[in-house]
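Here come two complexes built around chain A, the first alongside chain B, the second alongside chain C.
And then the complex of A and B:
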């Protein structure tokens, strides 16, 4: 009975989707309406209006900066929702029990990681700082940085990773993206223009490009730090909860 | 192609009783939608939309911005769903939906 219902609903949805997808304009043709009207504007005038060579970053940080602002609030909300599920202690637990990682890894994995991880962290910094000239952007760099630190703490134990950054900084890092967006946006208001504008009217034209680039780099750095901190915080809250319950059941 | 992926994900959400498999089915549905969005803006033989990378026809940059945002949204929902699944497993000891309906 259930299988008949499932297959009927699948058939119904499949027919529906098929009839919609056939109506879309053909892919891969340069005279699509989306190519002619919107994309050509961004591709031709993007570099002149914003000064950023990477058009995807130009759109997401300049033409559509409000959407990116909403996205920072979204990842922050995801972090808060996970933290309401797992409890979070302050840093007065002794780390002796979770010092050694529970994951038995061979010596090959550890050696490869000690060679590979510095390069991946360096690549993450490259993606952040060069996000305006080549591929990258703040978000990608932050996720790569967070994943590198998660791998590090899985294989090598979490005490060394957590010792590197002290606790008051963590609280700031998690909200870093939202902070930097609001600060850069307010800088626009202080100088007399709209919120989150990158062109400040009081400064002469030769400095404007420099100022806008500096603000963009600040935004990207904030985004990176925030994505990294959120990945790591979620991972550590799950990890800490599991090892705490394991140590409670042992003692 | 995209329709096939979407229907596979949809079938997984409906038919499998394991909770984690349902969440993976949701992930597959969202991946198929990203494929749809990116394929709207593609051009044959197009280059990535970075002005310094050449002179040929560029791929449409707008769908890629939406897909970046979409990936973050998928990340957020998957993180939340998996942490809820962790808590359910710890409380009930099972992840099977049939058994969970009868328990407690």
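And then the complex of A and C:
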């Protein structure tokens, strides 16, 4: 009975999707609506309208800021669902296999990592701050920051890595992207424009470009902090060892 | 002009099949990260540098690390 119900609902859903797919325009035709209107508009006028040279950033954070807002909420929800399964450490110090085991990582790996990590962190900041002019953006920079921290904790042990994190503000770091997006969007509403349009109406056009650029860089910094914090939280909640600290805290 | 593309794409297909058929999960994870690296080169050749950067960071770094942590918590060999 249950199987029949499941297959019937799947069939219904599939038919629904198929009807939508059939009505889509044919792929790769030069006179499709997406080719004629949006793409050519973005490519021709994007740089002039937004003042941002990297057109990918201009589309994802200026024209389509709403979609990116949805993405940040999605990442935050993913973190919440991971934490409901794996739980977080109560007193913020976690032990991993590296801390418990008797084998230390080799001196070659440690030396290479100490030389390599500062450059990777610097490159992450470059990606975030120059995402408006060249390749990169908030998500890439944040993930690079987070993965350098993760590699540090794999080689040197997670107890040592936890010292580098300031915990009173960690929850705010995780929610930074959603917070920044809501704040910038509300700033638009307060000054009389729509939500997340990055426009303040009633000022001259040259200042307008500057304002939208500053708002976009704020969005990118929020996205960077948040993706870094979320990646590190997911990793530590998976990586920590249950045995020691959990039994100590219960007893 | 097209030879590098043919080599890269055939490598991608072979790597994907190898990931599916390898029994040792850590070896499969390493092959998967090499797959992501070659995929990043393909994105760069298709002139999508943003996507190439994301693929290189996420596919080679984060996914591999999370897979290896999961393998170390469970078992290394597939049934």
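Convention: the second predicted complex is superposed on the first by the 188 of 251 C-alpha atoms of A that agree within 3 Å, B and C clash if a C-alpha of one lies under 4 Å from a C-alpha of the other, contacts with A are read in each partner's own complex, and residues count from 1 in each chain.
Note that in this section a residue touches a chain if its C-beta (ideal position, glycine included) is under 8 Å from a C-beta of that chain, and two chains touch if they have at least 3 such contacts.
Not measured: the values here are computed from a predicted model.
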Contacts of A:185 with chain B and chain C, given as first, second, both or neither: neither
Which superposed partner A:127 touches (first chain B, second chain C, both, neither): second
Touching partner for A:24 - first (chain B), second (chain C), both, neither: first
Contacts of A:139 with chain B and chain C, given as first, second, both or neither: both
Superposed model, chain A: greater residue contact from chain B or chain C: B
Touched partner set for A:10, first chain B, second chain C, both or neither: first
Touched partner set for A:82, first chain B, second chain C, both or neither: first
Touched partner set for A:59, first chain B, second chain C, both or neither: first
Residues of chain A that lie at the interface with chain B and also at the interface with chain C: 54, 56, 135, 137, 139, 234, 238
Interfacial residue positions of chain C with respect to chain A in the complex: 49-50, 53-54, 57-58, 61-62, 65-66, 69-70, 72-73
Touching residues (chain side chain B, partner chain A) in the complex: 2-3, 6-7, 10-11, 14-15, 36, 39-44, 48-52, 57-58, 60-62, 64-65, 68-69, 72-73, 75-76, 79-80, 83-84, 86-87, 90
In the complex with chain B, residue positions of chain A that touch it: 3, 6, 9-10, 13-14, 17-18, 21, 24, 27-30, 34-35, 38-39, 42-43, 46-47, 53-56, 59-60, 64, 67-68, 71, 74-75, 77-78, 81-82, 85-86, 133-135, 137, 139, 234, 238, 245
Interface residues, chain A side, partner chain C - complex: 54, 56, 97, 127, 135-137, 139-140, 143-144, 146-147, 150-151, 154, 231, 234-235, 238-239
